[in-house]
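Chain nomenclature is as follows: A, B, C and D, assigned in order of appearance, with residue numbering initiated at 1 for each chain independently.
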């Protein structure tokens, strides 16, 4: 990929607290990928945050001395026009909506989480139409752009874009890059010497092999030395007998399935003590924006690392760089299935290792797909596909089918109660349904 | 298929209370399929029942005046030798074991049922090795015989035979024939004028089309006029909105999945009031055998119809007759998948419509596979395949994976508790594991 | 299927010499399928023949005493409006074009045949656009009609309709019904007692099993007792060693592939002696129409049977009857693949056994697909799919790819020469290309 | 991969004229992959050549000053024992057999070539049993070794090993590396900046994309600037219209299919003038061995490059190095299909891009599989699989099916003539068949 007038990057949801990390990444990689314009876009309600974050971004660029223009705007189309990369990091309904996604299911005895279960489903219902709207703009104004999607539920959003637009897009999650960093640190090697195999879909993958410096380390990891969890997920431990007979390391998000009861109890207790995870994040964000507003701050503050999405921007910058330079390195990305998992539809999004060329990611054929997990994987993907179609059509029957077939929802009757209550609660963000 | 010396039928588990129905069926179809020898086999513990049932069978044959020899034996190999058909209707561990299968899960808050959930899994663990033992005899003594399997969980047993033996076998359930009879009665047509499409696996299928006299009646059935349930399953009603958005009629066994909470509550209440289903069946059987023992009885008593397995023997006799005569009619059977459902393994057993030729059933390609149900279907089949392999190998890790990935088991920790307690309870029937 | 006002049948190409056979069939099956209206349509150039054939049809109906209206028309839309069945038996460019299809390839050393090779390809190029035009009318005027396609190359035409229209269609060939009749006669049983398995595509299938009265007769057929060929194809014999190691009986059209050199030589010699097959047919047709014109003739003349397409109309009437009554019998038809042959695209047309319900044919899963033939089958289907897309788009590059990848065409350079000459020769019937 | 006692490499067919190139490669890459022992093995008939080449190898090592032991032996098992890499470069029947493979088909009007057509088939029939014998030794004596197979027909040999042994093996051809070098040179970039996509099987692949420094160069190559051919294949040019409508660059071996007539004529003419290719190679080899025998020669002579297999050893050394170090770079290799091409069997060998890890090659999912070529690819693979099974079983019927279904063989009768004559001619090397 070679742009003619210098690289233009548009960040939809530019007022996010994550932005300083992204800016730092772009500055660090300037030599290989010289950004000319960085456009931070947000909506009217996010104007204040956009200004705070945007001004920090400008101070960071200024300090670096690099010739990058930083633009703040509420005009999405202006930002997208002729962009080379459009990254999305939006939250439709803001943290208030997330709070409902977490709270309502718990009140009915069901896991309440922002990316899976009924909560994740409603986040998708709200977000998919907005993302497809952005895609319409990209198709018109920047048809050759790559869309990098961080917006959760990242797998479903990527699948919606694949199914319902012509935009070239890739979905990204920080979970794989975190696992690589864990491995590199645990074995004291450079990250480039580490090759774990990821099998599955976003927030529902299994690590089935872990080559470190040319040696397979999976047996050790399964024997318990490799337990690992990120900051933003409760750290209940896995049962060692289960792990060894499984022969793979599940992502921490799989605890919602494999330890449903325990996770529910913990969430409920935590909810009573600290409020929802949305409440916690709310407090953290408030503190971050106070720091950002300090006009003497010219770099990403350390505290951002506690926000949860560690290394998101590193993942993003790596991806942009490889697409730009044709580096052909291996990254773990959300892409269309196209027959890789022969039991899932071709247009399903999956999360697997890819070689990133200048024409996009080329998936590696997964070498170890445990028979054990195919059913669960298919069950969750079935729910996801139904939910995406429901989001686009506003079809209540489809939404009911998605909810009722979600493995974390115990019955059709529970699905109906949750559907009714949550449709009502998020009504303003679900015009397709009303 | 043409035998040389008259047709020989061996019934493994011949002392079952169902046998008189089978005998009645064989007598009725004598003209088309002239049985020469009927061998009823049972084990030492079943000797008393075998004699009661066997003598009734002899009286029934005598009354008919047909030249059929009825043999009672405890020597399975003698019965199998040169048989044309071997039918199996066994219960390893008898009703006592079933009682445990139903009771233990309920005591841990999980559905307890004899063909699905942890109960069905343990029935499979006990039964698969015995069935494969029978297969070894058939391979040696009657390699051209057809094995008709009624033994539950019928789908898993059929799959075990496909995977681990060279015996030609077909699995049978009375649920499809009951649905056909329901349709024929509801629309007042002959059964031959009815063609429902069954999609799925044993005890987990969906009816996706219902041609009656050349007209599609599915819309009416979904609108609520078609509700239907057999006597041996609680009759909670389906939610109409769910059914219509699903576009298919689930088998009543799917209530364990779609109405898990309600079914659990009902089972628990019933358990406290009437004991397990095994207890109920126990009482019914006691009464039946009292009737059978009456030396004046020369026909199948009416009361047998309340036993639960209505039309089992009709299904069996139809199948034998079509295999014998090459009738090429359509029956719903459990056969190897071989690519029909492209998301399931080739050797998975599935339950679909087949044309029954003299060389065996030829499946019809299902015309309507609802996207909605693929995940659930795959999840249950994954559990089944793991459980079969566990039964054969005695591998505890595989058994844990099967249990933990069963959609009705809420967590790995629950799976472990159930596995430990049930392995211990059924220890004498699980030599592979100890 | 139940029509409201009596059954209406439209025959596109009604002036064909085959029509009297079709009329005879409709009269014979009147009791089960009471036709109310029979519309014979043709184009201006065929008006004379239409009148001759149409008047014979009227006399035949009159003689039968049945209340069927026979309409002759040049207005296709009038005929199609509200039809229940539309059957097509057209020849774009008439026998003159066929003559070129047969002659030009031969002159360049390549098989010249009307349904395969370069000749079949050009027949498809001429015919597909006309058929799709008819489909547009059906979609508008008779959206619930079944289209029965006899027009050659029948497999490609059926595939074109599947890909490029919403019309419900089935493709038909007389080759399978002839094979069944051969078996029935050879073993002196009723046709209903015969079940051969057909595997492949139109004019490129293999018979892989032959159940006769419940007994597999394939070993005998392969041992040479079953050789068989139709009147319209040269009867070179198959090599017995080849047949036995193949384990299947190829259709006689496969001689163009398996005996390419011999067939070419024979065709060339015959061409020099008798002209093309088109010339022969021309003479036969001339004689037939002289007979038809005889106003005293009130039935199908015997001589029609020598025309070549024996039992075409029997196949057609059987299909209509089963679609109308929901007879659920087994017929061999051209339908969409939809995963049956997992190495061919879903929308490829294939020729296999089907159960014919009132909602259409349901394919039986082929039980014996010889590994040996998959490559050839795929190669010919690849050519067919390319040729269909070329016909619709008029893309010369696609046409070149189709021609060059046809197994009977020896090189790219030969493909180019043939393409150039034949495009020019058929120019008036190929508006898409010019 | 980490060996304990230094790396041991065994070269079966070590007396080959290619060996000096391999030795040069091992010396060059010593720092990354320090070979401790190099074993050159040959058979009794090759003893003289082995000594000449082996002594040259010893002089080359001595000159390098590296601590590598060079062993010459006729005892294959001694060489294989505990080897890390076993490379095979054998020719069963020597050049005399090749001469027959080239000559006999031509005399019957069919392409005569050593890796495809009847010639390639007989080379496979002779070679597969010998290779599987070697595999038996590796399974016993060096179960963790990687087998690198250069022996032609390399794709078939690799597939035979996959199907009939447990040895870890990879097939190699110099054609892909030559294409990469051509691209690098044409665009004046480093080879690491070049990423062509190869789609197909050995000697039957298409290049479908050519990224050079992050830019797609395929349109230019198709427009004629990219024509390319190796020294060991006649250089007839491709038709530009054909290439552009194909959208891919065929390997030069595809000329045997796409330009069958022209290639045949050229081969026949050349045969009459210069004898077979085997004769030419014979002369070149004679000259090479005269050079090798010169005791003052301490390096690979320049003349070797004209031998034909340019860069074979570079490909081999790259592969060993990446397997040894876990370099995770992209190489084009022959591996098991495992669903990559969904129309080919899982155990078919295919030739595609792979990431080479220390645990073996992981294929990249091909991004552009032209519909046009699927049929031809499947047809040739069908022949290959039949021929492999024939080689193992010695089943004449399978051999006939393989020959008759080869796209270059015009008829069953030609197949029989070729089969008879070639079986007789190679009788001493085909014990399975006699």
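FYI, a contact is a pair of C-beta atoms (placed from the backbone, for glycine too) under 8 Å apart; a residue touches a chain by one contact, two chains touch by 3 or more.
Just so it is clear, the model here is predicted, and its values are computed rather than measured.
Participant: Farthest from subunit A by Cα centre, which chain is it? Let me know.
Facilitator: Max centre-to-centre separation from subunit A belongs to C.
Participant: Identify the chain pair with more contacting C-beta pairs: A-D or A-B.
Facilitator: Taking the two pairs in turn, the one with more contacts turns out to be A-B.
Participant: Could you put a whole-Å number on the gap between the CA centroids of subunit A and subunit B?
Facilitator: 46
Participant: Could you check subunit D for residues that touch two or more other chains and list them?
Facilitator: Within subunit D, residues 342 contact more than one other chain.
Participant: Pull out all the chain pairs that touch, please.
Facilitator: According to the stated criterion, the contacting chain pairs are A-B, A-D, B-C, C-D.
Participant: In the complex, go through subunit D and note every residue touching subunit C.
Facilitator: 238-239, 241-242, 244-246, 258-262, 342-344, 371-376, 378-383, 385-386, 396-398, 400-401, 404-405, 407, 410-416
Participant: Applying the document's contact rule, which stretches of subunit D touch subunit A when the two form their complex?
Facilitator: Residues in contact with subunit A: 1-2, 193, 195, 209, 211, 213-216, 324-326, 328, 330, 338-340, 342, 355, 357-359, 362-365, 367.
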